[in-house]
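Each of the next two complexes has chain A plus one other chain: chain B in the first, chain C in the second.
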Partner chain A sequence: MSLDFIQTRRPASATSPLADARRRRQRADPRGRRKWTGLLYIAPAFLVYVLFVVLPGLHTVYLSMFNWDGITPATWAGLGNYRAVVSDPLLRGAIEHALVLIVFFAVLPITLGLLLAALLARHRRRGMTFFRVIFFLPQIVPLVAVGITWRWMYTEDGAVNQILRFFGLARTTRAWLGDFHLALLAVGLIGTWTLAGLCMMLFLSGVQKIDPALYEAARIDGAGTVREFWAVTLPGLLSEIRVALTVTIIAALASFDIVYVSTNGAPGNQTTVPGLLVYRLAFTDERIGLAAALGVVLTGLILVVVAAISVGIRSEA
Partner chain B sequence: MKSSRLESAASYLVLVVGALSTLLPFVSIVLASLQPSNALVSGLHVPHSLNFDNFRQAWTAATFGALLKSSVVISVTVVLLSVAMATLAGYALATMRIPAGGLLFGMFLVGLTLPVELIVIPLYFDLRSFHLTDNYLGVILVECALFMPFGVFWMRNHFQSMPRELIEAAEMDSASPRAILFRVLLPLAGPSLSSLAVLIFLWSWNQLLLVLILMQDPSKRTAPAGLGFFVNQNTSNIPVLCAATLIVMLPVLVVYLVFQRKFISGMLQGGIRG
Partner chain C sequence: MVNARKLVASRRAIGAVAAASVALTLAACSLTPGAHNSSPAATGPVSTAVPADQVTLRLAFCDGPDMTNALVQAFEKKYPQVKIVPQYTSFDDYVKSLKLTMTSDNAPDLAEYNAAMKDLSAGGLIADLTPYEAAYDWDKAFPKSALDELRIDKTGKLLGTGRLIAVPAGLSLVGVYYNRQLMSRAGISAVPTTMAEFEADLAKAKDAGLNPLSVGALDAGALHLWSAILNVDSDPARVRGWIDGQAGSTINTDAAMQATQAIADYAKKGYFPASANGTSENDSATAFSKGSSVFHVNGNWAAAQLDTAMKGNVGFFLMPPGNAGGSAVGNGYSVAYAVSSKTKHPEAATAFLDFLHSPEAAVIESAGGFLPPNAQAAPSTTGVKKDLSVANEHVVAADGLIPFPDFAAPAMLDALESGLQSVIAQRMSAKDFLDSLQTVWNAYHGS
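Then we have the complex of A and B:
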């Protein structure tokens, strides 16, 4: 290992006057010599990261400026692929669907989480472990499995329609994922199911950290549940809300697994998302430049949203 | 206090309804998986007799033996490699002054938000020319790289939270950086390391898009990717499909239930993959 090399070198070089000087300097600033040692510690992680994430990312940007089928020589396309991402109804539709999914992946779960946090704010409960274990379940099972499960739930004979019939709503039953207008909503609700528990638990653990004196003060001022929520709970949860927004919005924009197994973009192209099209365009349609451009646009969108969230919500700053 | 009792009842109601709707899909597939193969199953329906034959059928039809082996090889290697690399890098970033250290850390931070969609296309062509597609090593290296930003971030936070005096005292005894890491800091890092390991294990196990693309050979795919493939061939046989889904879920469920404390505390410390 390269680290052994650093260790053994020290006594050997101690005889030279240069090393003496170096050692003296080292005593004055014990961390001085470590500057370069530090880089060796970072090197493995950094190299792997650069080789397999940073460079491929830049390579995608490069590919996005060509028309290429993966076999014959590529031809220069300039920004043509980007124009197609914006103007082609199929690609633009995928981006629009991803934006709609934000409502289901981010807005709904966070609203539910805040509702629960508001209700439980004053009551510091023990025995939440049981609920916690359950609420985190959708987070840990593979999303492929989640998608297949819901595909079955949403069928004509599935549990969703069964429950609707039970409540006398037989007329609303349908094959949800095959419905031209409601398929995207149905897919979105799978995301809500996956992420709501996470938001709830994130906010509940955040509420525990709010100083109880603030609630006492609010109560003395005669604040009801609603005002207490706006005045104490919500401001106290800003950093958790920021984390939840970032995570859930990225999950919505970069979704692939759930859509791939539940609808694969159908009916028509009503539930296509960018991730699905990147896969399809590059590896089925052999339009690699276009797929790359879509991947770049998706990443740009995510970076903008993440930046907006961290600027928009400045907690404890 | 009347209002307080009302709140309490309402909060329990929300918790119970939430828990039931979380569990409902799981109950639904467990029940369906126990119906006779090829049966026309409807909704939540308790089977007349328990039928475990679907699991055997799914196991052989989707070759889960081989798929699960791939999953285990990939996940375990990714956990070991990435935890080791993240520990070294996190230690250096937290305790040493490094030339351009801020820049390096910033580059890792950007990686927290990059989607797989950005990198898969050139990865396929680049790795193929090095014979790293249809190859465990290719997937392992890419997953290590994907999880590295989070790992480095996590371990740096951990080492920064250690009392400064601990390191200074060891420096007084002229301990080398390596000795400080291995003899002083690592023995205290157990909880952080194991939380990180559990999170990375689950992310690696559940990775789909990357495996679909880098493993074109279906026999080398992981269990979730194999399941995604299987589902398109067995759309009508719901009981077998549900059994297959449960087979893929089971290993992560076991890991989760055993390590749920580690996992949940990891997730709640802002440790959610970006």
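Then we have the complex of A and C:
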């Protein structure tokens, strides 16, 4: 730093070509050095990142090539674990379930969030903070508590069935998490409940950045509520939608807590998700290699989807 | 900031595996996964004398903190020169960290037995207690069936044979709880003595408009029922062989077919509610305690809760045998402690294990909700707890304790739970269910 300072301030004393070259080099020097100083600044964080994220990640890839119980010497498996991920119906089923969960964790919350944002944003109402707190509450509650609470609400005598009975729908009541057809839907709705508020918050803050003049212009042109939403609100929220999609789709694909607590994959493996199986394979089934392979596949899937979202929405915008 | 929380939370599942494996590798100081510990050298004759020097032991455990702490205190009172520091970890965390804990240079001297000990034993990290068994005559002091389930061969896969790696502090036992009032309302005059009588009682209860059974099949409830029916119809040696991992064992037996078919039939006939698949075993026990059904299959761990809630209205019997007078069998296991092969004080550690069958210990174990391995020394009890200790004495005398079927392979618990959920929902035949179990078994033990 101090050297840079002195060198850049030193007056040019010669005009020969050689001195010119030297001067150019001197001028170029600080820039190069500044580049290296920049790297120096990020070095501590970079080191931590490499040590705790990149290396463990690479090590997971390495482990996925072994059959290993966690203790005794491992045997080389090559790509065998990856073949198992693709061919084992249980593991493939889990990935399919995660894809179904995207509807409940991403599509529904974003739709609901947009709807709520459109309702709450058009006019300044009193008590906005109240609505925001109410809809945001599910985000504050730990997911394990959310899972346990919903598990109770879904039981035979739980709140969900009580409400159905109240409305004379006693014939539709059941132990929701024990139903082979509806368990995944029931679990998915927990995710919808959790994530809708987050999406609404994102969209509400996004709406406030939209130039009010646009709304005014739309109204003068005779646009109704619906038209205004499609023409002004939605285009203005594209970057927020991209963030919401990224976060919620990752939540769907990498879901673990809610499923683990509410059903643990029951009934009959109808609600297994990759995150749950990674945990199960590694910590109870003693198949670290297969767990690592599934984790790598899951990470790859998430990266692809996230990349697709950021490319797709940017080109639209 | 919210996004960050979600991202961190969702990445945790994947990251945990990576982190754990990195730590394991660092611990082993090599890139190729897996520790290469030399097996502990067989030592000569061992001493049963408790060392006279001041010794401090560390004990890692996850079950029954009250019982464990009381046992430690009673032991320290008897041998003041030995100090034991109990280190409690919740069950989930214990299971997750056990391998790291036991492989570390700072491993505790004593640790509660867990299925993960099988690999640790194969890796040479758990002390072989067989010489101490001979020196202390443990084969006479502890029930044979309970001790046998803590033996393991060199590969760490075959149970019931080879070196002894842990000693039990308290036994568990599964059987049938019944509601006295509802039983008489259903017109059932006495506790059934054969399986046929039990099934007739279920029908009577159904006819009387009562719910015969409470089953929590969302987790382990259905597997306890299935296993109880399986045990009474089978040769215990054959069932144990399959659970222990003896080569060539199969679950494709007539008895297992009948037990599975019984579960499907009970579900079809409405012997337990259609909501069973969405009810946890804990919740089903609570429902039973509130009078939701006449019978309920569960373990001794539920006794304290049921006793408090139902007072004198609850009783317990073992799943009755196929023929009257058949031998007493039941699923059960033990809370047991193992010794690290890295301990510097094996004599003091094994002295604590020996203490577990003492009359003082029996009182503490019984108070902790377990059945003492020294069944005769169990303090006298009343009500359902008395039923339990009587049943335990019968099982111990008949050598009829059978380990839980999910011990057959690490992935067996999930296979049993999800499979029985499918059987209950009439979506899987008995044959397919048993085949799926055998597939898991073969994958682990080799066909």
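The rule is short, and it goes like this: the second predicted complex is superposed on the first by the 266 of 317 C-alpha atoms of A that agree within 3 Å, B and C clash if a C-alpha of one lies under 4 Å from a C-alpha of the other, contacts with A are read in each partner's own complex, and residues count from 1 in each chain.
By definition in this document, contacts are C-beta pairs under 8 Å (C-beta built on N, C-alpha and C of every residue); 3 or more make two chains touch, one makes a residue touch a chain.
Being a predicted model, the structure only gives us computed values, none of them experimental.
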Handout entry: Joint occupancy of chain A by chain B and chain C, clash or fit
Key = clash
Exercise for the section: Examine A:G265 and indicate which partner it touches, taking first as chain B and second as chain C; both and neither are also allowed. Expected result: second
Practice task
Name the chain, either chain B or chain C, that contacts more residues of chain A.
Solution key: B
Practice task
Report for A:W230: first if it touches chain B alone, second if chain C alone, otherwise both or neither.
Solution key: neither
Exercise for the section: Once the structures are superposed on A, label A:L115 by its partner contacts, choosing first (chain B), second (chain C), both or neither. Expected result: first
Practice task
Tell me which partner A:V306 touches in the superposition: chain B (first), chain C (second), both or neither.
Solution key: first
Practice task
Classify the contacts of A:R132 with the two partner chains as first (chain B alone), second (chain C alone), both, or neither.
Solution key: first
Practice task
Check the residue A:L177 against both partner chains and state whether it touches chain B (first), chain C (second), both, or neither.
Solution key: second
Exercise for the section: Classify the contacts of A:Y279 with the two partner chains as first (chain B alone), second (chain C alone), both, or neither. Expected result: both
Exercise for the section: For A:L298, decide between first (touching chain B), second (touching chain C), both and neither. Expected result: both
Practice task
From the options 109-117, 163-171 or 253-261, pick the one stretch of chain B whose C-alpha atoms clash with chain C.
Solution key: 109-117
Completion exercise
Going through chain A, the residues touched by chain B and also by chain C turn out to be 56-57, 59-60, 63, 70, 139, 143, 151, 198, 201, 243, 247, 250, 254, 256-257, 275, 278-279, 282-283, 288, 291-292, 295, 298-299
Handout entry: Residue ranges of chain A in contact with chain B within the complex
Key = 3, 6-7, 30-31, 34-39, 41-42, 44-46, 48-49, 51-54, 56-57, 59-60, 63, 70, 112, 115-116, 119-120, 122-123, 131-146, 148-153, 157-159, 161-163, 193, 196-198, 200-202, 205, 224-225, 239, 243, 246-247, 250, 253-254, 256-257, 260-261, 274-275, 278-279, 282-283, 288, 291-292, 294-296, 298-299, 302-303, 306
Fill in the blank from the handout: Seen from chain C, its contact residues with chain A in the complex are 2-3, 6-7, 9-22, 24-25, 31-36, 95-96, 99, 103, 116, 119-120, 122-123, 125, 156, 217-219, 273-280, 283, 410-411, 413-414, 417-419, 421-422, 425, 427-428
Completion exercise
Seen from chain A, its contact residues with chain C in the complex are 55-57, 59-60, 62-63, 66, 68-74, 139, 143, 151, 154-156, 174-180, 183, 198, 201, 243, 247, 250-251, 254-257, 263-269, 275-276, 278-280, 282-288, 291-292, 295, 298-299
Practice task
Sort out for me which residues of chain B touch chain A in the complex.
Solution key: 3-4, 7-8, 10-11, 14-15, 18-19, 21-26, 28-29, 32, 40-44, 84-86, 88-89, 91-93, 96-99, 101, 104, 107-108, 111, 113-126, 141-142, 144-146, 148-149, 151-152, 171, 176-178, 202, 205-206, 208-209, 212-213, 223-225, 227-228, 231, 238, 241-242, 245, 248-249, 252-253, 256-257, 260, 263-264, 267-268, 270, 272-274
